[in-house]
Every structure is written in structure tokens, then in C-alpha cells.
């Protein structure tokens, strides 16, 4: 177990180091997120809808789309020069490999979300301070689930034709439950509602995480092992 | 190689004939269901003739659900046993499932317009069926874009399993929104609230749709066999 | 580390692998002793790459098993996997990491005690110390091959599998690779070299085996010049 954790951290560390060096995916995902926010602002009728009414949905659609951009690159790095073979050759349990890729992807998507949030506050003029700890919590809860599914799908998508199209087609249905839950919790958080009103949704998000992280870890070997 | 190839394609032909016979029987049964539903089943009091579509909609949903569950089950079995027959069955079931989901998604709004006054609502069960449709499409799109048969089988099995587990989550999360869909009125053991004539028609139609599912999957499976035999012959040449 | 004494380096029994009903490998056996270099030749589509990927543990056989030093090579199986190295025509290196980072990462994957030091030593040994902080992208083909070899041998494997290693190497780099392989053979490393061009490996190989249509067509120790073997090769491959 400790050995698997060490290996997972080594894989994640490698991905993060490589990404920090090239910065292409991270930068494009952040710019993409900012653009989505701007487009959303102009895509609403300001006389009919207040920005704050739309805010939770805008935030989560932006997170989801930016995550998709970040996830698309997760396995391209392993496809160049046969690097994935190098990983599969090593005494590296497939669960540890999946955990490493998942941790790296969570770091990327988390970074994009952390940069997007202040922009969101700025553009949509929402007062977040009171809700911030709760918002961070629900963001983590929702992100873990869909990034987990996204990690396994991106490992498949890089092996297909039209990889950039395949990932969204596969992943979007899986983003629906976490997104619905996250939007519901976020709007209640912003309205200052008590925790008891969010508990059902939080339970659903946590259950989703447990089920899909477990399932993806178990089935990952079927994706990479020939 | 040509010997086993032609053996495979003659097996495919025999299976295709059986599939065709079952499907034709089911289509005949479907004609019977139409007659029974339109002539010999009473008109529902509040909904009027619009309710007749119920005899297509519900059985189509039933078949789509069977198709989808069997994709999930055979996917899980494939990862365990690595038997290509399981993969071929899952692919066939998914394609037939798309057809039944399409029937379900078109008959639903046609019924909803006169009864609910709107073509589409984000009702829990309606939304679920829409996502069932999307999952089937994603599954088939993935299959179409992976060339290696063994890799395709592994990938689609993973999607099949994850998809099967996604369904309850979508249902649960959409259900937490308000739902308009008529509550189950068929097999409540205490007091069946559907009149016996209507129940008879519905059950017959469900049987016919199940038979149609079996027939179409058999046909599709035979087609997959024939395609593989053709590809192998091409590879060997 | 526990190791079964007297077990061959590599022992494959009854390897079967097919695409659909079409067998790519048909119940293949293979053994390899220390200091032995087995050249596997055969026409395109004979199943050479499939065989090598199964021996490397990158592909599961539908039947049969591979034992390395007596340990079954399954998923995980650390003892078996630590004893195997792979050198392919691809470098297995990341362009976005420096050479040093690449090798240190490999060292971590294999659980070597001091990854950074092991990586530095391996680079020095390969004559790449000055390029340690460069990306593999910046290396010439010959230097890149040296880096790939350093990566493949970093964890001191007992068996080295080579997949068309001379592809795209110039004559000087190919000579250097042959020298290095001969030196390692003398130290007891076992080699399996998959090639479509026997001339490239003839003065390294100790045994040659020919794979045709997923079956062994023939096998013999390497003795005498390649030209004396070629008639038999043509007879075995039926061309």
C-alpha cells in the first residue's frame, strides 16, 4: 500500500513537472475558462436575468468545459515515444498508475478552477467570501468524481481517431450528476442557506466519488493492458 | 484459413435466418398488438385515444432497458472471461437498444403534447431515457473509432460497465428535481389499477417487443459474425 | 531477493495469442540462458513483435505463461518485472523532462534506493553527463539511442528484449550498440533481439530462430557466416 502510494506520487510528480515545463495545456485551459466566462456574460439578456441568478450554472459549466480541455491532454504525453510502454513495463500496479494520473489531473483541473474562481467573482460580481470554504469543499467533491471518469476515458480517447471529440461525447453524460449536484449546492451556498438543505446533494456527490473512483481504479488495467 | 472462414460465414447465415424468423414473428405480433389496442381495448376515460401510444411507448422503454442492462452485464463478463462472443453480443444489444430508445423518445413527446400540453419536459424518467440514448450513442461512437478488435472490446466493456452504474446516479439526481411522469400503474400487487383489457394488451405488447429485441439482436449478431469472417478473409488474402 | 536456482533467465511455455480466430502466435515455447543472445527473425506479420510484447509483460497471452528467473510474469509481479528490460525503436523518454529527470523517474518506478544518483551514474556511463539537463528532443539520433539504452539498463535487468533496435541508426551508432551488447552478454545478460534484418545482429547473436505465421519454422546456434545460413532461412520462410 505504501509502495503503491509512493509509485502513484512518482507518476503524478512526473506529469506535473512535465506540465510545468511546457505549460501549454494548463495555459490554454485557463484562457479557455476565462473566454467561456466572458461569452456567458454576453450570452444573457441583462434586462431579464441578473448575473447572480445565473452565477452557479455559469461557474459549473465553465469548470466542466475547462476540465475537458485539461483532460484531453492527460494521456497524449504517454503516447509520444512509447512512454506508456515504459510505465507498463515497470513493476507498477495498474491501480497505482491510475491513482498517479488521477492525482495529476486533479492538480491541473484544480489549478484551472482556482484561477477561474477569482475571474468569476470579478465578472459576475458575486460576494463569495462567506461561502468560500463551502464552495471549495463542494468543488473538490464534484471534481474528484468526474475527473476520475475523465482520466480513464482520456486513456481510451488517445487511442481513437478524433480523440478531441471522443472524450466529450463519452464524458459529458458522466458529468451530469456531479454538475447537477454542484450547481444545487453552490446556489444554496451563495444564498446562505443552512447545511441541512444541501446534505442530500452532498451525499449523492460523495457516493458518486466512491463508486466511480473505485470502479475506474479496478477497470483501468483493462484499458492499458493489451 | 478459407475453410474456417467459410464455416464462420455459413454459421452467420444460419443465425441470420433464425434472427429473421424471430423478427418476422415479432412484427406479425406487433400488427396483432395494433389491432388489439385500437379495436379491442377500451379508450381511456381521461386521456382519450392518445393513451393508445402507451402500448408502444412502455414496451419500447422495456426493451431499451433490457438492451442496456445486457450491455452492462455482458461488458462485465467480457472483462472477466475475454470471450469475443460477449463483446459481439454487447455491441449488437447496444445498436438494437438505440433503435428502441429512439422509439421511446419519439412516442413520449407525441403522447406528452396532448396530455401534458408540452412536447418535452425535464421529467426524471424522460431525462433518464434521453441519457440512456446518449450513452448508447457514445458507446457506439467509441466502437466505431477503435480499429483493433481486442482493444475495441476492452474499451467498450469499460464504458458499458461505467454506463450501467451511471444510470442510477442520473436517475437519482434528476429525480431530486420535481417529476411529472405518471407513476407506475401496472403491477401493483395489492390492486391492479389498470383495467384487465388494457393490462392484457400491454403485457402482450411487452412480450412482442421482447421477442423483437431477441430477433433483432440475433440478426445483428449474425451480421457481426459475417463482417468478422469477411475481415479475416481480407487479412488472410 | 528470492530466485529459484537453476531456473532459466526466461522460460515461455505454450504462448497463444490471436486476433479473432486468426492465430498470431501458435503455442510458442522459448527459453533463454545467461549470456545467450537469441535473434528472432521472420517475415512481416510473423508475430515477432507480439512475441516480444508478451515476453516484456506488455501483452497477455490467451494461453501459456512466461517465467522470468522462475517467477511468473503477471501484472505487478515485481521480481519478474525488475529482471526485464526493453529497448525498442522508440526511446520511451518524455520530451518535456530532462534526461536526468527521465532516468530518475525510471529509477523511482523500479524502486531504486537513490533515484537521482542512479540516474546521474547511468548518464555518466553512457557518456551523456554533459547533456543531463537537456530534453531528449534536442539529442541527435545516436545520442538519443544511447539515452534509451541507459534507460533500459538502468535497473540492471537480467534479460534485455530488443525490438528492431537498429532501425534508423547510422552505421557508427549501430556498431557502438553491438559492442555494448557483446560486452553485456559476456557479463551474463540474456538477449532476445527481434529483427527483420539478420545482417544487423549476426555477429551478436548466439542462436537464431525463425518465426513464420506464428510458429517456429526453425532454430539453430549461430555458427559460420550469415551467407551460409540464408539458404535455410529462405527454405524456412518458404520464399
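Labels for the chains are A, B and C, by order of writing; each one numbers its residues from 1.
The rule is short, and it goes like this: a residue touches a chain if its C-beta (ideal position, glycine included) is under 8 Å from a C-beta of that chain, and two chains touch if they have at least 3 such contacts.
Bear in mind that the values here come from a model prediction, so they are computed numbers and not experimental data.
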item: Chain-level touch network, classified as line, ring, star, complete or other; value: complete
item: Which of A-B and B-C has more C-beta contact pairs; value: A-B
item: Distance between the centres, which are taken as Cα means, of chain C and chain A, whole angstrom; value: 39
item: Rounded Å distance, chain B centre to chain C centre (Cα mean); value: 49
item: Rounded Å distance between chain A and chain B, as computed from the means of their C-alpha atoms; value: 32
item: Two or more partner chains touched - positions in chain B; value: 150
item: Residues of chain A whose C-beta touches two or more other chains; value: 226
item: Chain C partner contacts - residues on chain B that touch it in the complex; value: 1, 4, 8, 82, 84, 148-150, 228, 231-232, 235-236
item: Interfacial residue positions of chain C with respect to chain A in the complex; value: 53, 56-60, 75-78, 81-82, 84, 86, 88, 90-97, 101, 105-106, 108-111, 136, 151
item: Of chain C, residues touching chain B in the complex; value: 19-22, 62
item: Contact footprint of chain A on chain B as seen in their complex; value: 79, 131, 134-135, 137-138, 141-142, 145-146, 150-151, 154-155, 157-159, 161-163, 165-166, 169-170, 172-174, 176-177
item: Of chain A, residues touching chain C in the complex; value: 3, 6-7, 10, 14, 17-19, 21-22, 77, 80-83, 85-94, 221, 225-226
